[in-house]
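Listed after this line are the structures, all set down as structure tokens.
Shared between the two complexes below is subunit A, which pairs with subunit B and subunit C, respectively.
Now for the complex of A and B:
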């Protein structure tokens, strides 16, 4: 009987996993198709971007054939597909390097920023949401609502500029744009690409401090958005859970109120919150384009902006694919965590 | 069973829920007391029976207004206790089994952990000791494979087993009063009696007081020593279970008459007659005297 049960369960888990993989593959294919089509639709001539506008028509024609642009669209797509699957995203016109290498170089900076921003969002947003759910209609609830509303509605580039003016230009409390001050640049070997980790590996605490102080402003600003979102979601999840009868049960048992709230109720919220955190992390990875531009943060967002402004389509499409894939991966991971955490979904 | 030792005394309890459309007076001037006995509270939906149970634990929503001349438990006035002192009463002295184990158990914690928690809250016990007690308690509610059930999640157990788990959880700190708020209403008829038998045995063995809240008059009369009959937030009468059929109160008679009987003929059952004049009559103080 027990054996039969485990067998059945195993079978269920396998089919679920297979289904999930199928869905991911289809989504990924769709992502590639859309980026490919965007690349053909935009009024940028990829040949011209390579040969320059002073090239003769023979050179132009030869380049066009070399790039396979004379073939029918569906053939072009398959060529594109097979090269992407081989990990070849083309060569950047701007840096003259393979796009994938470029992305590997700049991505850790974005990741570092998004990770710290999410941490900020989680550690400020969730407690704020819990407290405003517990004291609904109280002062903190109103404050968090206003803060949240501002977080949703203020454009980040405006806030970022304002923050730079106040904290950097006016009062000089925090350093300005960039990952480190200019005279610290290049001191630490980029082993992982994550500045903080590299500093720890090199045991260079001076650069570490400097890098950390550079991170504070952009990470807090980005994190502000995820905090606003997370606190509102946490609040509504908590209100829902606090109404449930198992909360009454815990109180009947004589469990202390803080344990009822932070243990029983938040414990039940943590499952849907995983998805929310994962999604907001994914959004931060793309949403950092504006922030990175303003803070001159050498990450994926800045790379994408520069490529766009220089009509470097290979880089733009490559970055799009990478961001899209990460979004997919984050979703997959949150689904997986969901299954692990929720006994009912196992 | 006579009131050898007073456990709980309630005097002129009033519960009001303020609402924009005017206050709702859920419970009006009710008084009762109980010792180590089983007392049933019977009434229709909205008669104030559940609210009465919860007010003893002071677990009504914060906007509810509770007032009473006295709610005393073992001589302690519950209304004057601080929230912290009240937490020592909850679970340890007075606890409550609710209607549906599907909702009253935390869905993401194992059954064992939830029962252990009830023990650890009131006793200085290690996790291992709590586990041992939990397993014993699961056995006491006649669960045959406690080790296995200990590890299950609430969605993996049946309704009857869920309610037995709930009873185990509420009795593990060894309270002296249990409030059972419609503990069998959500269960299949076939398991209702099993759960009741377990509840009955444990309450009798441990010499506890029991307040059994239900809308099922027959069930309560077969199970309890005394019955409080409530209507519209008021106590209509308090009768000894054995004397239920001799009751003369029109409301009690009405409740009894609308129950079908096997040996009865085929005549039409009478519908329940309600008379708002009963609400103004004063049943509060005197009728609680118990003969025998």
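Now for the complex of A and C:
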């Protein structure tokens, strides 16, 4: 690693990173422009929503000026921009709290779900992909193909409902919707907002077990989709690597087969795999909207749908900005990793 | 110059000749070979058959469906499977089988319109960016990246929130979020084509950019784009169904499959068929598009290995 990072290379990497940051900034501005424009085409009159329809025209006009709606559109955009950059996403009509506070409150629940789902996807999907690449056309390869096809074709909300019917209603193997059973609610202080971590901090193992059992179904379901994607991608990366000559060299030298596959070949897949994992993490945020609605999981997805159904535009756009920014950050991070770790990408 | 006429003993020989006499014959021969390749992939043929069946069902819905899909009949609500109601009846006594049959029209409507809107936008943006390069490319690709920076469903949700729920608005929202990948693909293809000799030759003959792009570059982008659009259809069906499920797509009482699943939610414990049947329909159709897309990729886009 050290000999790769000569001064010249380092300089090149720095300029490339700066370019990347410029691109990301432009994209972020565009993201805000889109949410701003979406906020302008709403058929609901934002002034009316504040003053109510019984307000006199004088009150209405005063509110309109106070909200800056009499200014030209580009000025409104700059006002919007500066308030978003200050972390002010407006006030939620539904909860009467600042949108950003709301999002901070609900976000850990989504992160907990998405993190466990990613773990599931990584620890099941990658081995499945590796094994099906090693034995192409074998039983595992067929299984991974079917798993992949189902992952691309099954509506997640439907699968979630079926899982609830089977595992909760019929056989009672797993708990139903929610983060914990109702009589465990509010026992553990929400210090971090991550239920499992909070339980560990409070050393309350009973609630921990309950919370974990509530996580199993939604996390596995979400994880299934990332597993389907990861296993297909791992398979094609591995096939590409196993064709290379260094694999042949290693085999000729007598390196153990498991080491050739899991060490050499998979090791060289790790950089593109990190990108794929990062991308699938972004997709999970999307899948969480539908999953959280079904499992009554109090995360960002449920918050977004509730705001949508109540026409709470500030919350909707605030959530959209947050999700878009996370997506952008994840992409930036994986691009950066590529540049730093893969000499060919420099 | 002597006119050379070859006689062919069969159509097959005419198609497979090494020395085609016309562009038409060459194209027909290539299509024939592609078709043979495609027919070898049984799963892709199955996918195509399902889609053909979907189109057939949608066209003849009034003749196939035994009941009115919207008329409520509270005397016969929540009935299980029977000879009269193949898939049972829902919470308002409507025949689920008939609703699924009529719902196929909505599904086709959504994917048809999204393809008609998103694919041309993507191909135009991509080919223009790729052909001109420079500042045009930069601006267009930055715009594309901005749209790619949102997860699809989230951006679609935001648009539907602004435009108001309804199937037309769902179609607009999905189209707005669907075109950027097509632009990326078309741009990539264009960049590899634009400096080739045949494009230079056309330019020397005096063809302008519009003619070159629309007449010579776009047709060459089509095959990889068709593959991508077909594979995307599955995702579009799932997104539309998801919007319907959240109550933001097609509105009741219209028999949209996602909305049907959503309205059946309250009855799942004792009346599982309310959600099982429409969900299966969504699954089967998106599976069919995935199978067909995989098959088409093998025929049209052999570069990408799977």
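Observations on the structure shown:
Basically, the second predicted complex is superposed on the first by the 323 of 346 C-alpha atoms of A that agree within 3 Å, B and C clash if a C-alpha of one lies under 4 Å from a C-alpha of the other, contacts with A are read in each partner's own complex, and residues count from 1 in each chain.
As a working rule, a contact is a pair of C-beta atoms (placed from the backbone, for glycine too) under 8 Å apart; a residue touches a chain by one contact, two chains touch by 3 or more.
Remember, it's a predicted structure, so these values are computed and weren't measured experimentally.
In the model built by aligning both structures on subunit A, subunit B fits alongside subunit C without clashing. When the two complexes are overlaid, the chain among subunit B and subunit C that reaches more residues of subunit A is C. In the superposition on chain A, no contact is made by A:337 with either subunit B or subunit C.
Of the two partner chains placed by superposition, only subunit C is touched by A:328; subunit B is not.
Shared-chain residue A:27: touches subunit C; no touch with subunit B. After overlaying the two complexes on the shared chain, residue contacts for A:255 are found with subunit B alone; subunit C is out of touch.
Contacts of A:41 after superposition on the shared chain: subunit C is touched, whereas subunit B is not. By the touch criterion defined above, A:93 lies against neither subunit B nor subunit C after alignment on the C-alpha atoms of chain A. Our angle of interest has its tip at the CA centre of subunit A and reaches the CA centres of subunit B and subunit C; in the overlay it is 80°, to the nearest 10.
Contacts of A:245 after superposition: subunit B is touched, whereas subunit C is not reached.
Of the two partner chains placed by superposition, A:279 touches none, neither subunit B nor subunit C.
When the two complexes are laid on top of each other via chain A, the two nearest Cα atoms from subunit B and subunit C are 15 angstrom apart.
Judged by the document's definition of touching, no subunit A residue lies at the interface with subunit B and also at the interface with subunit C.
Taken in their complex, subunit A has these residues touching subunit B: 244-246, 248-257, 264, 267-268, 271, 341-344. Within the complex, the subunit C residues that touch subunit A are 142-143, 145-147, 149-155, 157-164, 234-235, 238, 241-242, 245-248, 258, 261-262, 265, 268-269, 272, 275-276, 279, 282-283, 286-287, 290-291, 305-306. For subunit A in complex with subunit C, the residues that touch the partner chain are 23, 26-28, 30-31, 33-35, 38-39, 41-43, 149-150, 152-158, 161-162, 164-165, 169, 236, 239, 282-283, 285-286, 289-290, 293, 304-305, 308-309, 311, 313, 316-317, 319-320, 323-324, 327-328, 331. Those residues of subunit B that touch subunit A in the complex are listed here as 57, 59, 83, 87-92, 95-96, 98, 100, 103-110, 117-118, 121-122, 153, 155-156, 166, 169-170, 173.
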